[in-house]
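Look at the two complexes coming up: chain A is in both, with chain B in one and chain C in the other.
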Partner chain A sequence: MIDAPALQVNDLYKSFGDNAVIKGVSMDASRGDVISILGASGSGKSTFLRCLNLLETPDSGDVFLAGEKMAMKRNRRGHQVPVDIRQVEKMRSRMAMVFQGFNLWSHMTVLDNVLEGPIYVQNVAKAEAKEKAYAMLERVGLSDRAKYYPAHLSGGQQQRVAIARALVMEPDVMLFDEPTSALDPELVGEVLEVMSNLAKEGRTMLVVTHEIAFARDVSTKTVFLHQGEICEEGPPDEILKSPKTEQLTTFLSRLS
Partner chain B sequence: MDLIVEYQAQLIAGTVMTIRLALTSLFIAVILGLLGAWAKLSNSRVAGFIANVYTTLIRGVPDLVLIMLVFFGGQVTINAIGAATGLWGYIDISQFIAGAGTIGLIFGAYFTETFRGAIMAIPTGQIEAGISCGMRRSLIFRHIIWPQMVRFALPGFTNNWLVLVKTTALVSVIGLQDLVYNAFTAGRSTRQLFTFMFATLVIYLLLTAVSDVLLRALERRYNRGVVRTN
Partner chain C sequence: MDAVLSYIPLDITLIAENFDRFLYGVWTTLVLTFLALLVGGLFAIPMAIARASKHWLLNPIIWSFTYVFRGSPLLVQTYLIYFGLGQFEAVRESWLWDPILSSAWWCAFIAFSLNTAAYTTELLRGSIVDTPSGEVEAAIALGHSYYKRLRRVVLPSAFRRMIPAYSNEVIFMLHGSVIASTITLQDILGVGRWLNGRYYLAYEGFITAALLYFLIVLCITQLFRLLERRYLPHLRERDTTTDSAPLPGSIR
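Then we have the complex of A and B:
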């Protein structure tokens, strides 16, 4: 199992009512892969990401994290449900997520936001957790803001705190759900810079994004989703420079 | 003034009764309110339906009618059930229990709406952030939902509490010797009703003023991290 991919997704399906959003998506991420997931709005890319940590429950399909399968069963109505919620919680803590809207806990200071996971989910001793938290804040360049509340920070700073909050869990995989889409243009750079540094360190990352430059320069693999299916995938410089499908060509021409 | 001093024991006893009654009612109301909010927000249709019937019924009927219904009707009903089933003998509902129970029941309906609104005001993203870092439901409730719910609920809570304190005056109709009852009795027997009602007014104002100060302090505590944009 040592060689198991960091994250493996087999044939994932998800629909909301009659609306099929994900129609059989499979994906492998080896350790150190940075996979950028592109697609027009409504292509299902965020839903796909949210199915991985069960913020949305997929209709079918398997998710493996470092070879460990997220065990699911069917309830009486035929819906998928976790076999063991504790296992799911454990696996979630190893797949930290960064959201479009930051989602920092507004009643906690920056430091407490970062401390919450280590202390209450991973049961790390307070002193040790504090040391780690400060180290992570240092990494995202915000250790001087530890005692601030989220509302006193800019969007870019909030998102960097959210990245520190994810990072401090020492996750196997980091999931980024359009991390720069809610930011003012001048704040996008600081967040992308932090993310590039993480990529250079060899972190395994799945990044749903609209930032073509980030996909091209940072990711090791690009996946283009169209109407819930993988339309095209491959090394970013190949598929972004010479897209084979009409859909990706259209998508790229709209962005530039 | 001499009269007030002469009757101070009754007035103090009445005030203590009013405070005890208000706090007991509040306790019942908060528990019913939390249950009601939970029921209304849960996926269970049955729970939601029961909670809706409860709040609709209570909020549509005058408090005085409910108090008399519970005090007179409740006692008859409980004893009728006891007699029919033979499970218990004659039970005498004390005025305090009837009063606190009814006021708790009434304000539970108002607190249900206050708490429901407060929970709905918490951004779902913050709960999702908790879920996605592996927090258990109980931890999410204690660390993310509860502190913010309190913050969003406090203004409505303060309002409900002040109305509740005043509503306790209604229990004098079932003979509970609260502040109003004692002041009214003293006023009638001395033929100085105005003096005693004025004293009552001052005492109620003091009670609500003290509540206001305490609740404001609580609001400050729970408002940490909130930026007011004026």
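Then we have the complex of A and C:
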């Protein structure tokens, strides 16, 4: 399956109790695609992203990563569960996630945060991992902060470390869950710049965001979620300039 | 010298003459306290994990254990083991009687270990449960298995955060160890009691004992200050005067 899309999602459903949050979302991301996922709060965009690496377990639907299916089965109570948790862990390591709240490990230095994945998940030799980690920190412009603790960095710097931590895994797909929403306005730029550079390199990225400018300028495709369903999708130029649905029009007018 | 001593209302020479006994008492107290802390602490780790993970079978059992041992005084627990177990013929005839359950030291050691295990379990459980959920999610998303997550993120973080509270447990355990003196052991207070019983001089023995405990607590607090400096650098204010200097404390 050489030509398999980097990420393929088929008919994903997820509800919390009686509350159906994702109602049949499908998505394809080819290698190098940068898909921005927009939607009002409560539209299920974060939940969708978290279903991909099984931080939330979807009720049904399939996730393929580079053609490999995340194998799920039903347990006795009818809930969907992984067939093989090892496979899930492997696939998780191939789709690195960047969180809204950075989620750096606070008791580790910046360097140790970045080293964790290569050394303890991928079993890369320490010296090699260190070299890679420094290269990634260099990329996000923070190699001089390697020995700092996350608490001693600004939000923007912490998020850039989190991106370096994701990047060092050399993932097939990068998942960004509102990466700039927790940042002070003046710190948003530095994070978006790093992300734009990644996009230019041809990384496959799924970005849940409120940054319309980023969606318009950087992403190759924009998906607008409304109440757990894809309401509109297409090239950002088209759908952001001339939205076809009332929902997207309202959403965009509220933002500007 | 004698002129100075005559101003002090304590019989210093008597204390000096018996100081080797006090030193032996210090040794007894330290060994009993810290061995119990070590053994109790080791037992507490798996119990806290089981409690925090809400294991369907182990959690209620361990909860009952910690409830019993935190719910009754250490003195009562020690008496139950030392005076109580010997009542049973079966216990006296079992292999456990000699040399373990017939010995005051072992009974104190068992009671102290179980007691500190109960307190430490709850302390560590709280610390594990309080691990920022985002940090756990980041470890999951990275591809860590459950055990690697525990070993690499949850426990290192939980141990660090419980250091300040655990210093209290260590000090309480030290003070609680005076109970050993009520079942014939010559710990620090035991020597003080012996001095009092022999010479009818209360202050000489008890003030010396108090000062010795005081000294040990001083050492414990200093030790924990060092531990906090070493393991909690991320909770410290950054030294803004030396911005370019890297912070110490990276393990690697």
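By definition in this document, the second predicted complex is superposed on the first by the 256 of 256 C-alpha atoms of A that agree within 3 Å, B and C clash if a C-alpha of one lies under 4 Å from a C-alpha of the other, contacts with A are read in each partner's own complex, and residues count from 1 in each chain.
Criterion: a contact is a pair of C-beta atoms (placed from the backbone, for glycine too) under 8 Å apart; a residue touches a chain by one contact, two chains touch by 3 or more.
Nothing here was measured: the structure is a model prediction, and the numbers come from that model.
S.K.: Once both complexes are superposed via chain A, do chain B and chain C end up clashing or fitting?
M.R.: clash
S.K.: In the superposed arrangement, does A:Val121 touch chain B (first), chain C (second), both or neither?
M.R.: Both partners, chain B and chain C.
S.K.: Is A:Ala146 touching anything from chain B or chain C once the two structures are fitted on A? First, second, both or neither.
M.R.: Only chain C; A:Ala146 stays clear of chain B.
S.K.: Based on the superposed arrangement, let me know which partner A:Glu89 touches: chain B (first), chain C (second), both, or neither?
M.R.: both
S.K.: Based on the superposed arrangement, let me know which partner A:His107 touches: chain B (first), chain C (second), both, or neither?
M.R.: both
S.K.: A:Asn53 in the overlay: touching chain B, chain C, both, or neither? Say first, second, both or neither.
M.R.: The answer is both, since A:Asn53 touches chain B and chain C.
S.K.: Taking the superposition on A as described, I'd like to know which of chain B and chain C A:Phe64 touches: first, second, both or neither.
M.R.: Touch partners of A:Phe64: none, neither chain B nor chain C.
S.K.: Touching chain B in one complex and chain C in the other: list those residues of chain A.
M.R.: 53, 55, 89-90, 92-94, 96-97, 99, 101-107, 109, 116-117, 120-121, 149-152, 162, 165, 169
S.K.: What does chain C use to touch chain A in their complex?
M.R.: Checking each residue of chain C against chain A gives 132, 134-135, 137-145, 148, 152-153, 156-157, 160, 231, 233-235, 238, 244, 246-247, 249-252.
S.K.: Can you list the chain B residues touching chain A in their complex?
M.R.: Contact set of chain B toward chain A: 123, 125-126, 128-136, 139, 143-144, 147-148, 151, 222, 224-227.
S.K.: Could you list, by residue number, the parts of chain A that touch chain B in their complex?
M.R.: Chain A residues touching chain B: 53, 55, 89-97, 99, 101-109, 116-117, 120-121, 149-152, 162, 165-166, 169, 175.
S.K.: Quick check: in the complex, which residue numbers of chain A touch chain C?
M.R.: 53, 55, 85-86, 89-90, 92-94, 96-97, 99, 101-107, 109, 111-112, 115-117, 120-121, 126, 144, 146-152, 162, 165, 169
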